[in-house]
Each structure stands twice: as structure tokens, then as C-alpha cells.
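What follows are several structures.
In what comes next, chain A is part of two complexes: it sits with chain B in the first one and with chain C in the second one.
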Partner chain A sequence: MSGNRFTRRGLLKTGATLGVGLAAPSFFVRGAHAYVNEPTGSTVTLGFNVPQTGPYADEGADQLRAYQLAVKHLNGEGDGGMLNTFSSKALQGNGILGKKVAYVTGDTQTKSDAARASAKAMIEKDRAVMITGGSSSGVAVAVQGLCQEAGVIFMAGLTHSNDTTGKDRKKNGFRHFFNAYMSGAALAPVLKDAYGSDRRAYHLTADYTWGWTQEESIAASTEAIGWETVQKVRTPLGAGDFSQYITPVLNSGADVLILNHYGKDMVNSLTQAVQFGLRDKQVNGKTFEIVVPLYSELMAQGAGENVKGIYGSANWDWKLPDEATQAFTKSFGQEYGSPPSQAAQTGYVQAILYADAVERAGTFNPCEVIAALEDYEFDGLGNGPTLYRGADHQCFKKVLVVKGADNPTNQYDLLEVVSEVPVEDVTYASDHPMFAGGELGSCNPGA
Partner chain B sequence: MLEKLRNNDTAIMLAFTAMVLLGPIILAPFGAGYPDLLQRFAIFGIFAVGFNILFGLTGYLSFGHAAFLGIGSYMAVWSFKLLSMSVIPAIILAVLLSGLFALVIGYVSLRRSGIYFSILTLAFAQMCYNLAYSVLTPITNGETGLKVLSSDPRILDGASEGLPLPSVLGLRMIDTWRGSFLGMDVQFNVGFYFCAVILIIAFYISLRIFRSPFGLMLRAIRTNQARLNYTGINTRPYALTAFVISGMYAGLAGGLMACTDPLAGAERMQWTASGEVVLMTILGGVGTLIGPVLGAGFIKYFENIFSKINDNVLSGFLDFLPETLREGVVWVMGAFVGEGWHLTLGLLFMIIVIFLPGGLVEGFNRIIAWFSRPKGGDKATARVPAE
Partner chain C sequence: MDAILLQILNGLDKGSAYALIALGLTLIFGTLGVVNFAHGALFMIGAFCAVTMQKLLSLEKVALSETEKTPWGTPAEIRTPYITDWFGDFGTVLLEYSVLVSILLAVPLMMIVGVVMERGLIKHFYKRPHAEQILVTFGLAIVLQEIIKSWFGANPIPQPAPDALRGMMDFGAWMGFQAGTIVYPLWRFVYFLFAAGIIGAVFCFLQFTTFGMVVRAGMADRETVGLLGIDIDKRFTFMFGLAAVVAGLAGVMFTPIVSPDYHMGMDFLVLSFVVVVVGGMGSLPGAVAAGFLLGILQSFASMNEVKQIFPGIDQIIIYLVAIAVILLRPRGLMGRKGVMET
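Then we have the complex of A and B:
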């Protein structure tokens, strides 16, 4: 061990290399553009970052279809979909600000690391001016943070955690989808009517930001109607087998199981809960019930028979009677042969809202686009009159309470809308305790 | 001539430094010249170089190195949260903490060798992963990932305003200078050059270890550990030192990952990440100096570029073919690109392991030997890589 020759020459060489390396970055200055990724050619690139693998892959695939449809409509191809019913008429069907819309796609794998890598490639390599997508709140929060740092707009897709526009809210990020608090506020009165006010609830929760906030929101609103929360158990995301978590439910004295799961996780946990015979049990003299606070058509398809009579909430449903919903469903159906899911609708709407805001602002500069979106009121995109609140970049609109259809007429008609909860009942203050601790910060144009 | 250059450390170092620093220009034509991927090349290069010090020299195959990567990341993010947004304390702490973990895990695991050692390290890594994923959520924030918030204390920086972004000497890691070179879009990024300089230093340290008596001892362990033991040499301290050094390299790589993107998630510690570095090292050439860096670049390139080639892009490439033929070719090739990139990588891996056991480096050596044959006469046969 005596031969470590740290010679003077060796040291000089290392020192010189180090010096050159350290000095090099100081020559670099930032680009001359007013904002990052300013589109200079005849096209503008949007980045669609959705899960194509992992537990939320189905939702991601449907969302991606909706984005592609939105691009078609923005470029003036197809039947125009909801552009015809949208209250703002700024969009001409000639792209955005006369630039043809191009897009790049990426796979988030439902993992924060992969999602950020994919979004970074879109921003740095493909020069996307806007990133949209999600289908998992953990990913949405991570990508939203990245977009804030990089100086591009993030239009969140399917993300239901309170944190996205709560403690992790960002100036460059916007969410159209509803959130866990709204689910709780909308569901509680319906649950009270259906199951009474003397119930004992057991929570199984996906162990990440969305699960945590949904568990908190649902527990708070069910406790407000007199229910008791027996236990809250966290399960890993993408667990596959939930039997070990469901067995203890039977002996806990609970008479309601609340599944804070989504995507394939919810399909698996609900199916297993039904197979274990939970719904045939009588506990405390009452029939055992299951509640799935966040529902979707795709999950209902996955779980099949098992969703019958189970309550939950949704952002949107293709069976709503309004003109915008019908136009979108028709357009989507003609393109892909199936009705759109709520993930598809929120993605489509986000893309349209971004394009419209750019058109109204007259520039792609993120700071002016943000100003155009904040406190913007619109209608005709399927959710009725909607407000994009400037204080936290959350959309406020009615929330649907849905129930698994008892007698579905076809494979897409698995959920029935029980009630449309008006926006007043689900509105909260932007500094509500469940959303506190966040700071929008200032807009970042990236340059 | 080439043969001589290849064995000259100064020449190797200079060539390596030039290649790394000119990375943004060299890789631009391949569509890989954007900061995020360049950073990944450098970071995983460091990871693989460190792994090679253990696997390449001592032959101990660790299946748990991703644990150190994750520990380094978490430590760096905590340093951003509590100390300062400067990357210097972050990477120092990341290296120290992962070194400490490596000492403990190595002390236990190195009591066994061969497959038992591999399984022990794998078990420890899975333990770390599960701890980070669901048990230690107050420290790691579980699935959501540990993030830097503007409200964090940061006692060295004081109350800073605006976005907390990692920086070195006042330069933010995300700052990029964009320019045009021969019509290509080139991007020079602070984060990449920071990682690049560290990669060069890490490579130099690895070179010194390879050439040192300590390196010789490690090779002796690989060749015949029983014999060393019989001659009265206690090999375990040497192996443990190598294990700790490579653990520190992994921690450094993890810390740099957090520096270029201040977020740490548990998936970084999953066994697939541990397997990936084994693949990188074997693909590039086990026990060679430059091999692991090449392997890391190769795999990351596949993961980020090859996986983006979808059917539309393929159709674009094959525009010259007639419609019906094109559809068929796209269908066949589509299985190997895009989401099927793992399949291609697997096939390439098999081909390389079967025909070039020394990895990419052996391939290059054969090419060099083939070129220098006319001059050297029958003496220049294909040289087996260093180990």
C-alpha cells in the first residue's frame, strides 16, 4: 500500500482539469428569447405526458386519445368537437396563433422519476411550450414542480389530490379536474341519505399524496355526518393483491369500507373485497357497504359486475345531457369507437383551455397565458359554468355523484349519475386547512 | 501506435476529458445532446465506474447498489431542505452517508462470497427500498417523493425568495446556453458540466485505484481469494474498502441526480435499478476502465431515445417503401423499438455476452488490433481487456 504516487505533476494535471471544468460554465449566458421554447417556426409543440404502463395505463391511454383529438380540432380537422360549444370563440381552427399544433408523447410509467425525465426531454429536446398529463397526483405534483422550474405551463390532467392545487400549487400549473375535498363534500349528503348517519368506516388508502388527501377529505366529511372512522390502512401503489388488507376489515367492527384506490388498484381491491363476500355481510345490524370516492368509467369496466350499487364521485360523465358533452362524445366516438372517460374529457378540456388562453393573450409567453387563465369564467366544455380560480389555479364547477348501474344496458353504461352537486356546495376558501401551506409564487417564463 | 496510446494513462485521461466535455456537440447528431440525457450519461457513468471498482476488480457481484444511489439522493435533498441550495454540501453529505451505509452493509455481506454475497446485498437493498417506500415516510415522503419546498429552513442560505433551485458558485444547475453548431442545436448546461467534471475526477480516481498496489490486491482477491487467505493475508478489509468506495460512488451519483433534479423517489432504490448497473458494467466491459461509462451511455441512450421511436416515426423513416410492404416492416420493427426497447436491449446484451465477453471494450480492442495487424505482424492478436 505504499505506491500511491501523488506526484506534483499529477496534482497539476488534476488541478488544471478541474480548473478548466469549473471555469467553463461561467462563459455561458442565457438565451436571447423572452421566454423558454418560444415557437419560431410555423408549428408549436405541446407535450402529452401520460402513463402508458403501470396501474393507471388505461386512463393514460384514453387521455392520450383525447389529446390527439384536441390537436385535430385545434388544427381545424374533424368536426370541431367542443370548440363549437365553448363560450370563448377566440380559437379559429387554424392552430394556435396561426401556428399548426404538433405534439410529442411520453410515458410517465406512473413514477415521478420517469415522468420528470420524460417531461424534461419534451422541454429540452422537443421544445414543448406546454406539458399536460398526469393520471397520478404524485406524478402531476412532480411534473408541475419541474414545469415551474423550467418555465413552461403545466395543464394537469387527471389528478385528484388536494395537494396539486393545495400545498404543492404552482403559478405555472393549472388543474381542471376536481379534487378530494370536492368528492367528500359532494358524497357525504348522498351517503347520509343512503346509509344513515350511524356508520363505522374503514379506509384502505393508496399510499401517496392523492390517497392521503382523499382519506383526510372523506374522513372529515363522513365524520361531519356522524360516521365514525374505525381505521385507516395504507397500501402500496400498484400492490396487485389486496387480500391481506381486506381480511382484517371483517373483524374490525366496521360496516363501510372506503376504497381510496384508483385505476387497476381499485379494480383489484374492489373485486377482491366483493369476492371475500364483504357486501353480503351483516355488521352491527346493517348491510356492509363499499364506497369508492373517485370513480371512473374505465374502472367500472375493469371491475364489471362488482360495481353495482357502489357510490362514488366523478368529474364528468359522457351521459350528461348538455350540448357540449354530446358534441364531445359524438366526436370521440366517431374517432375511436367508444365513449370518452372522464380522464379523456379533462385532458381534452385542458388542451383547449390552454390554446384559448394563448389565443386571447396573443402570445405563448407563460406569464401572459397565466394572466389569461386566472379567474377566467367559461362554459360549454361539458361541466357547465366553470371558474378557473386565480388564487390556487383550481377549476370550480359542479361535481357528479355516481353509482354503479344496477341494470347496465351496454358495456359503456356502467355508471348512473345520482346527483349533480352544484358548485356552491363544493367550493372552499383557497386557504382552507386541507389546502394550506402552499404558495403559488410568481410566474416563471424560463428565460 | 494506437496500442501504445491505449496504455498511456495521460492519453487516456486527455481523450476521456475531451470526449466528456465535448459531449453536447458529439451527441447532438444522435438526438441525445439535450441536458437531461447528458446529465444522465454522466451520472450513470459515475455509478457504473464505481460499481466496476467492486465488481470488476474484486469480482464481488453486488445486487444492491441502487440502495446507495437512493440514500445519496435522499441525503442531498435533505441537505437542500435543511442546509443550503448549494450542491457542494449536498454531494459531500451524500457521499459520506452512503459510505456509512456501505460500511455497515458491506461488513455484514462480505462475510460470504459468490451468490450468497449477491443475495445478501439484494436483500439489504430491498429492505432499504421498502423502508423508504412505506415505513420511513416522514423522512422519504414515500411514493410521492421528497421535494424541496420554498418554506424549508435552509439555515445556511437564510430566507431566500423565489424558487429554490440547486446551484454551484452562483450558477443555477438548470441554466443552459443554447447555440448552433454546423446547423445542429447544441445546449451547454451548467448541471451537465458540473456532473461531467465530477465524472472526470471520479474516472481519474478509478484509474489510480486500478494502477495502485491496492488495485492489484483487489485483483488478487478476484483471481484466487483462498490462496491469499492461505498465505496469511486477511482479504476482508480490502474487499470492504472496495465495497465502501463503490458505495460512495453510487451515493455521489445519487446526490448528483438530486442536484440536477431536486426530487428523490423510492423507485431509485428498486432492484431493477441495481440490475441496471450490472448490465451497464457487463455491456461495457467488466474490469475495464472505460467500459462501464460506455455501457451506461449505451443503456441510457436506448432507454431515452430508442424508446421514443413509435410507429409514426418508423413510417417516416421507411417512406421510400411501398405502402403494403411498409406496413409489414413497421409492424415487425415496431416490436423492437418504442415500448419494445427492452427486447432489443436484451438481444444485444445476449449477443455481446456470447460473442464479446469483454463487452464493448473488447469489440473496440478487436477493431484496433485488426487495424494495427499489418504493421505489428503476427504478434498483434486480439488483446483481452485488462481483466
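Then we have the complex of A and C:
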């Protein structure tokens, strides 16, 4: 037996050595590829995926300007903008975690397939660690799905459909912009005060995900104040001439037209509704009214004088008096010579919030960043106290009810803020029926 | 009854645009045998003639205020239009009627664009298959719309009709119905009359002038006309220019109805081609008749009563009609026998 080389001590030694030996590579491998696109040099790359061509190109251009301004501020250049007013002081103006912020851009073309292709290229080729941007819910849902699969964070741009943080919500995706439910909840009391509770509404709705959810939300909230929904009519996206959809409104018995349209469609349908004399019409003993639940400054420019006195809702407005809004408007105005749009503000804020979350988490690992963003409460970014709810990754903050300015003082003064609806009035349960059917799932670090 | 009459009126103004574009397309196809997919872009360029004229007339003298500041702290700009500075009230009237004034710009400009397009590009594709003509003209349309977008941006730019033509017409009262039951925007009626005038002028030009007679002869038998010593190519080039002018004018006058943007030509192009096919390739009366017919059909298909029976019919009605016509009468409603039948 003395010739037997196996001793108890030897077995333990061998076992321990083998254990360390086997564990070591996986430890180093996990360390090297803990998550996709881990920044290894002195820079970190963000991907700005905005419509640079197509119908929302101007909105995309404004959003891109805001992202570029955010990068400047993150890298310590310029006047710092809303970094000076942001409640979190984690960002020091030295990039993110000491790495200088670089960026690449993609063109969504406001087409889901093009947006996914450009996001994919930025993730795989440019090693972008976060994707943000977009001006369409269809695009946001598509890119959010891609980022979930790829294991990078998606900070949505302008997307208003309930589905983005409803049935299509994803663990790696976050939305700062408000949604259709919030528009309805904010608008209904104002509409009741302005037009009474005995109204008959006719909906013209863009025939895609955003239009459907907005129609559902606005119909529910107006019916809750006593209005009757006379008709819901779906219109093709980009119809151009809506006259054949507007003429049936004239003899429908409705006294309110709700235009669930955005962008070019909204400009055309509103202009044509005014041309057909709807706003001069008396129905049921009342003056006919038009409501545009989702407004944007660029749309208001397109519709010109036709927006005067028409109610809608907005995520943010550059004329708000708070310190953060003024700081951002000053910074943006000095840089580009015009005030920022709400698309620009939401983009800027999303970039800052991502950088701040990374800084607080101490890592770019998406799972840690998600944890830092979930249920995070902040202030000083233009929308007042805000919560990034962990259950669905939707921001909860006040919502603005706006009206087309009756007497604009300059070319940018197109909308006037009628009411700042407190967050309590627009908050809903994460399993609300309008948002049901989706699961966040688990975080994907991509490795 | 009110709803039906309103939809007929709707169809007439929509059909006017289809008819004007289809008329130009048919002129080009009938004379040069070219399938011009850039024709929608000509409609769009015409619309941007109105935008350009409005911008020119709105050029402003900019001075910096010494007292007022922008919200971002820079001195505010004080803007005064040159036109009112120079011409007073007449300048204000010019600005208000900028859409109509822009016709003066659109006619020569569209003629030049048409002739340059034909001489510079299209003529090299006369002998090539239709598929290649479609590819090259479609590519040209994309280039033109991207140029317009880079200059004017992607957002629609509103072009208001003059105040005097902005109101409503009470057709109900005119036709013996109760007043206020059938009201229609005045400008849309103006557009219909304008389109009818242009179509009439083109037909008169072709029918009652020597130039038109030669062109019609060339359309019927190009070689024989050439053998008579007539330079038919030059006349056909002019007809291409004329088709561009017709499309351009259709675009100019359409701007108060739909705010122009760089993509508006594409929105009309496919529908206008369907109109040409339904009317009969090469048939001018067919193009016009089919334009109005399909415009009215599209309007009726959008009525809630119809959509409740056939959901989505408003979006496919034109194509259903086109399929039916191609199956039952491949040459189109008024097409010549043999044209595009093989």
C-alpha cells in the first residue's frame, strides 16, 4: 500500500488545485465579457437613433441637437445645462465613470425595419453601450425589442403609445416621455371645464399602434366625464387629404372632433377640418370644437393659425418657469438659436439619466444600470419631481395641458400652457387594463 | 342626400388633382412613349414654387433689439417684411395672394425643369424597356425630393389661401336644400374650376392649333410626320415641358388644401398611375375621366355606411377598380386598341 500515490492530503490538494484551475478561466471570462460592449478604452460610445430622413426628420434633427448638447455637458463643456439643476450630483462633467462620451448616430427613417438595422449596426459595429432616440411608437417598440435581445439599454425618445411600457414593455427599455393614458387623464378635466360634460365626440384616428391606444385612452377619459363617443374612424397613415373623412363629421351629430393624428397627418387633418368650417359650426346648440390630444411645437408650426385655441397635451414646454427648464432653454437657445422642442428635452433628459445611473451604479453593466434606474426619484430636469417606476419603466411626472396660443408674441410662442396636471392625477396601476399583457422579463446583459 | 352630395364634391376636387397629374403623364406617354415616374415630383416642385414665392415675398429686414432679449439671453430680432416696407398695402395684398402670384413663377420654371429633364435624362431612355424608364425616373424622383427636403426641411409648410377665397360656399342654399346643410370650402371649388380650365386649355391647344395638330399627328405616326420634314422631337420636348407645367400648376393650387412637404409627389404618383391605367394609356380624355371617376369612388368608399359593410374599402377601392379594368378591358376605359395590351 506504501506504493499507492493517492493520499487524503494529496487528494485534497489536487481537488483544490483543480477547483481553482477550473474556476479561474470562467472567472476571467466572466470578468472580460460580463456584458456586451463593455467600454475598455478611454471613451464610451452612445448610439443616437433618430429620424434623419422621412416625415419626422425635423423632429429628429432637433432631438439630435439635444443629444449633442447632452454629450457636451457630460464631457464638461458648455454651461452644463440641466446638470446644474439635476437633483443627483453623481455626474461631475468628466464623462461617464471618467470615460469621455463619444456618440454615433443612426437614421430610423421612422420605419421599424430601418430603425432596427441602424440600432443593430451601432451595437455591433460601433459598440454602442446604450441606444436612445426616435419619434414614433412603432419604431420605439421595434428598437426596444432589439436592445432587449442584444443586451444593451434602450432609453426611448418620443413615443406616446401605451404599448411601449404596456404590452411591449421590456426590462432593458425605459421611457421618460408621457403616454396616451396620461394625455387622456390630464385633458379630460380641462375639457370638462372648457366645453361641459354634455358633448358628442367623433374620433379620427391614425391606423397604427399609437393611434389605437390614444383613441382608447381619450375615449375612456372623455366618456368618464359624460361625453358620448359618436364614431371612431380609422384613417390611413399619411393620407394627405382627409376631406372624405371630415365631411361625414359635418352631419354626424357630433360637436367635438378628436384628432388622434400626429406629425404631417395632424397638420393636414386639422387644417382641413378648419377649412371645412368645423370651428364655425353650431351643433346641438354648442360651438363645434376640435381637440388634438398630442401636440408638438413643430406640428403647431406646420398647422399655423389653425391651432389657435385648440386644446392638447404635452410632455414639456420651453416656456415653463422652473429653473431647470430655463437653464436648458438658455443652453439650447445659445447653441442653436431656437428653443428646444419636447422631443429634444426628452432626448436630453434620457441621455443624462442614463449617464447618471451608470455613475451611481459604478458600472456600465446593463443589469446594474437597470437597478439604478428602477424606482429612481429625481428632480431638476424640467418636469418637476419624477419617478422612474420599476414595475413598467415608465416615468411619472406632471403632464401639461396646452392650447394653441391666441396671440403669439414670436414665431416660437405657439402653445400656451393651460394647466400643469399633478402626477397623482395621471398615475395608474402597472397592471391597468390599457397596459396589460406585457412582462418586463429579466435583464439581459448581452454576454 | 347631403352626405352623398358632399362626397361628390370631395371626389371632384380630389379627382381634379388626379386628373391634372394623369393628364401630364398621359401627354408624356402618348408623345414620347415614356413611363415617367418622376411626374409626382413635378407636382411637388410646383407646390414648392408656391412655398418659394411666399418665402420671397416674406423676406424680412432683421434688426437686433436693444431692449428686448430672447429667453436664452441674446438680443431679440425685430423683423419687418421688405415687401410691405417697399409697397405698403399693395405689398400686403401680394403677400396674401402669394399662392396665385406664384403661378407666374411656376409656369416658366416648370417649363425649364421639364425641358431640362427631357433633354438631359429622359431622351437617353426612349429606346429602352419601360422597366428601365420606370427605374430611372423613379430614381430621379427620389433625388428631386431629397433636394427639396434639404432646402425646405421635412415638415409641411402651410400655404394659406387668400382671405377672400378662404371661406365656405353654401351649396345647399344654391341647390334648393336647407341653407347650411351642404357647405364646402371655397378654395376647393376654385381648385376644381382651375383644373377644369387647365384641362380645357390643354385640349383646345391640341385640338385647335397647328402645333397641337402636328403633335397629335406625331402621336399617331411619329415616323411619317418626321418624313414630312417636321422636327417632331422638338415639339415632343415642348410637350414634356407642357406636361411639367400642368403638374406644377396642379401642385401650386393644391398647397392651401394640403400643406406641401417633400413627399407629397410620391403620395399622388401611384394613384395617378392607376388613374392612367384605368383611363387607358395614352388616352387624354380617359385620364381626365378616370381621374374624376376614381376621386369620387374613393370619396364614397370613405363613407361610414360603406366602411361598416366593407371595412378598409376606402384604402383599396382604387386598386380594386384597376384590377377589374385590367382583367376586363386591358387597354383601359378609353384606351386605344393595342396600347399596353401585350
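Convention: the second predicted complex is superposed on the first by the 415 of 447 C-alpha atoms of A that agree within 3 Å, B and C clash if a C-alpha of one lies under 4 Å from a C-alpha of the other, contacts with A are read in each partner's own complex, and residues count from 1 in each chain.
Assume a residue touches a chain if its C-beta (ideal position, glycine included) is under 8 Å from a C-beta of that chain, and two chains touch if they have at least 3 such contacts.
Quick caveat, the model's predicted, so the values are computed rather than measured.
Asks: Tell me the contact category for A:D79 with respect to chain B and chain C: first, second, both or neither.
Replies: neither
Asks: Considering only touches as defined above, state whether A:D193 meets chain B (first), chain C (second), both or neither.
Replies: So A:D193 meets neither chain B nor chain C here.
Asks: Which holds for A:A142: it touches chain B only (first), chain C only (second), both, or neither?
Replies: Touch status of A:A142: first partner only.
Asks: Which partner does A:E323 contact after superposing on A: first (chain B), second (chain C), both, neither?
Replies: neither
Asks: Taking the superposition on A as described, I'd like to know which of chain B and chain C A:S442 touches: first, second, both or neither.
Replies: After superposing on A, A:S442 lies in contact with chain B but is clear of chain C.
Asks: After the superposition on A, what does A:E377 contact: first (chain B), second (chain C), both or neither?
Replies: Neither chain B nor chain C is touched by A:E377.
Asks: In the superposed arrangement, which partner chain does A:V233 touch: chain B (first), chain C (second), both, or neither?
Replies: second
Asks: May I ask you to decide whether A:D431 touches chain B, chain C, both, or neither, giving the answer as first, second, both or neither?
Replies: neither
Asks: Examine A:E223 and indicate which partner it touches, taking first as chain B and second as chain C; both and neither are also allowed.
Replies: Neither partner.
Asks: Overlap of the chain B and chain C footprints on chain A, residue-wise?
Replies: The overlap between the chain B and chain C interfaces on chain A comprises residues 53, 236.
Asks: Sort out for me which residues of chain A touch chain C in the complex.
Replies: Per the touch definition, chain A meets chain C at residues 53-58, 231, 233, 236, 238, 240-241, 243-245, 247-248, 250-252, 264, 267-268, 271-272, 275-277, 280, 298, 301-306, 318-319, 326, 329-334, 337, 339, 410.
Asks: What part of chain A is in contact with chain B in the complex they form?
Replies: Counting only chain A, the residues touching chain B are 1-4, 13-14, 17-18, 20-22, 24-31, 52-53, 105-107, 111-114, 116-117, 120-121, 124-125, 138, 141-142, 145-146, 148-150, 168, 206-209, 234, 236-237, 437, 439, 441-442, 444.
Asks: Where on chain C is chain A touching in the complex?
Replies: Those in contact with chain A are residues 2-3, 6-7, 10-11, 13-14, 70-74, 76, 146, 149, 153-158, 160, 166, 168, 181, 183-185, 187-188, 256-259, 261, 263-264, 267-268, 298-299, 302-304, 307, 314-315.
Asks: Please name which positions on chain B make contact with chain A in the complex.
Replies: So the residues of chain B touching chain A come out as 10, 13, 17, 21, 31, 34-37, 40, 133-134, 137, 142-145, 147, 150-151, 162-163, 165, 169, 171, 174-178, 187-188, 190, 193-194, 196-197, 200-201, 204, 208, 212-214, 261, 263, 265, 267-268, 304, 307-308, 310, 339.
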